[in-house]
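A, B and C label the chains in the order they appear, each numbered from 1.
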Amino acid sequence: MISFFEFFVRFLPDLLSGMGMTLLLTAEGVLAGFILGLAATLARTYGGNFWRNLAIGYIELFRGTPLLVQVFLLYYGLPGLGITLSREWSAFLALGLNSGAYQAEYLRGSILAIGEGQMLAARAIGMSKWKAVFYIILPQALRLAIPAWANEPVSLLKATSVVFLIAVPELMTRAKLIASRTYDPISSYLAVAVLYLVLVYLVDATMKWLERRTRLPGFSAVGER
Amino acid sequence: MVNQFFSYIFQGTSVTVAVTLVALPLGLILGLLLALLYNYGGFWVSRLAAAYSLIMRGVPPIALLFILYFLLSGRLINLTPFWAGSISLGIISSAYQMEILRGALQAVGEGQMTAARAIGMSRLQAIRYIIIPQAIRLAIPPWSNEASIVLKDSSLVYAIGVPEILRRAQQLSATTQQPFLAFGAAALIYFVLVFLVNRGLDLLAEKTKLPTSMA
Amino acid sequence: MIDTPYILQAKNLTKIYGENVIFKDISLDVHKGETIVIIGPSGTGKSTLLRCLNLLTPVNSGQIFLEGEEITAHGVDHDQVRQKIGMVFQNFLLFNHLTALGNVMIGLTKVKKMPPEKAKQKALHELERVGLADRAHHYPAQLSGGQQQRVAIARALAMDPLVMLFDEPTSALDPELIGEVLGVMEQLAHEHMTMLVVTHEMGFAREVADRIIFMEKGSIVEQGSPEDLFERPQHARTREFLGKISELYGKKEKK
């Protein structure tokens, strides 16, 4: 245990140099995913046939395949069609597209929970459909989605680790370099696991804090069981 | 040419299915054990199980896979990449399955245990005949989700050299110089597999659903 | 079996949760075939007393005897004891994943290790006793509250208990469903089943009980025949309680 502790302390600076990229990918992915997810949900719920089917196709495709395959398809596959992306762009796009599909489901759940009545009431005072969506439905739905959505940053943080397989210089890639330098893969990956654990804990605590701050009394998606 | 292309990827498919079929049941058995220990194991055992779950779920699966893989194919134990990878995925999944089953066991409620004890069942009999049959039904929908996650996570064993779909796609991409087709085919196969798993478990949930309407 | 006139006997039972004394120094003798109704305000330890009597909750001190044998002694198999003491709960607690028949059968097959065919015959017979043979293949969610409670009674009866404990068996029921459950209990009393009933149904207490026990704040205040208790209560508290309860339930109870 002492030796692992020494190992951890010795290589911590190395590992930390990958942390920036991991956090950047997480933040970018959550943000891009939010925009994509919101667009997909609106298209699916309020769009015409074409847009609805497009949104469903996007969501199902990205939820139905492994993130790693999506990363490879973008990084190794797209050049086959004459489109070449950098490692970082491939990672960013794959994470954003993937997260968007999951975030769309959270949002859809809360839009469905708002119910038809709110739309009806908004239309009854003369609002157009999209006005009702933006002024009545979304302000409620976004708030309702927070508890479920709050898990997304943590799960995306963990998910970013697979992009080390296309050698994006984030935490796992650093761990792999340390492993090949020290011939001690177990200690290297244990060290990175400890770091991930700390990050996950911090992000999770932040999200819980945010959730508490934004809670409205007597307003929740589903009754507590 | 096209034929060869697909037969090659289908071989990878059978490896992917095999990895999933080892990892998922292993995760279920470990997860059930952990959930029972958590719910009925007393204070310290329960705390230990909770800590296990928290740590395992707080680390990316790929990092855990590497740690477990190097432990399972090292000097003490020396398993092939296939077995080391599959067992590692099972261990990783056990923490998530534990959470699903723990929630389901708790949702069954204390009253059912009390009623079972009242007709003279022992604690173990009550768990076996009364609690678990109800908990399993409650667990099917979230478990179906976990099953498709394990299926998708099986792609991670690519990284330790197991010749599953993704590894095959990569080799094909190199030999055919058609990377988009190769990885696209891999994605398609995963999509179909995930669809089948979800649909199959939906049917199971439908079949085991208890009637609710007043007759 | 030790020769004793009592089926169930409790001596100086005390139950304490943390700082709270639930009941203190309770002693109770139950004769074979006797129907005892326990009444009293909510939160006076009546339900806990029942749970202690069949060992679902341990007492802090005191002894319980079943047919003269001490069941609170060390080394007594609690599961064996509970087979001989039937219990009916306020919220029915049927096993949700089993049909009415399955609910009645499972104690027979799994606890008494009876062959399934024989268990089924017995279970059907018990369902018939509570008037629900035609509902044997319904799941709990498909039954009304009254029907569920009757299945719960059949489930307890199937174990051939020496004594039946009823913990407010009708207080979770809609008013129009109370009668069918009380009817079954009345019939059991006529068949000389030994019963201990916690209830607020004063009409039932008056008509069916051999003895009524009035409990308050964890102690037995007064006990006696229905006539004695209703017509000539000895304690002011008993009078007060009976007055209040007939005000509350009076209209419903009138026949």
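FYI, a residue touches a chain if its C-beta (ideal position, glycine included) is under 8 Å from a C-beta of that chain, and two chains touch if they have at least 3 such contacts.
What you see is a predicted model, and the numbers here were worked out from it, not measured in a lab.
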Far-end chain from chain C, centres as C-alpha averages: A
Chain occupying the most central position, where position means C-alpha average: B
Chains linked by the largest number of contacting C-beta pairs: A-B
Distance from chain B to chain A - Cα centre to Cα centre, in angstrom: 22
Distance from chain C to chain B - Cα centre to Cα centre, in angstrom: 45
Chain A and chain C: spacing of chain centres that average the CA atoms, whole Å: 56
Touching residues on chain B, where the partner in the complex is chain C: 111-112, 114-122, 125, 129-130, 133-134, 137, 210-215
Residue ranges of chain A touching chain B (in the complex, touch as defined): 60-61, 64-70, 72-73, 76-81, 158-162, 164-165, 172, 175, 185-186, 189-190, 192-193, 196-197, 200-201, 225
Chain B to chain A touching residues, read off their complex: 55, 58-64, 66-67, 70-71, 74, 107, 148, 152-156, 158-159, 166, 169-170, 173, 177-184, 186-187, 190-191, 194-195
In the complex, chain C residues that touch chain B: 54, 56, 79-84, 86-87, 89, 91, 93-97, 106-107, 110-111, 138-139, 141-144, 152, 155-156, 159
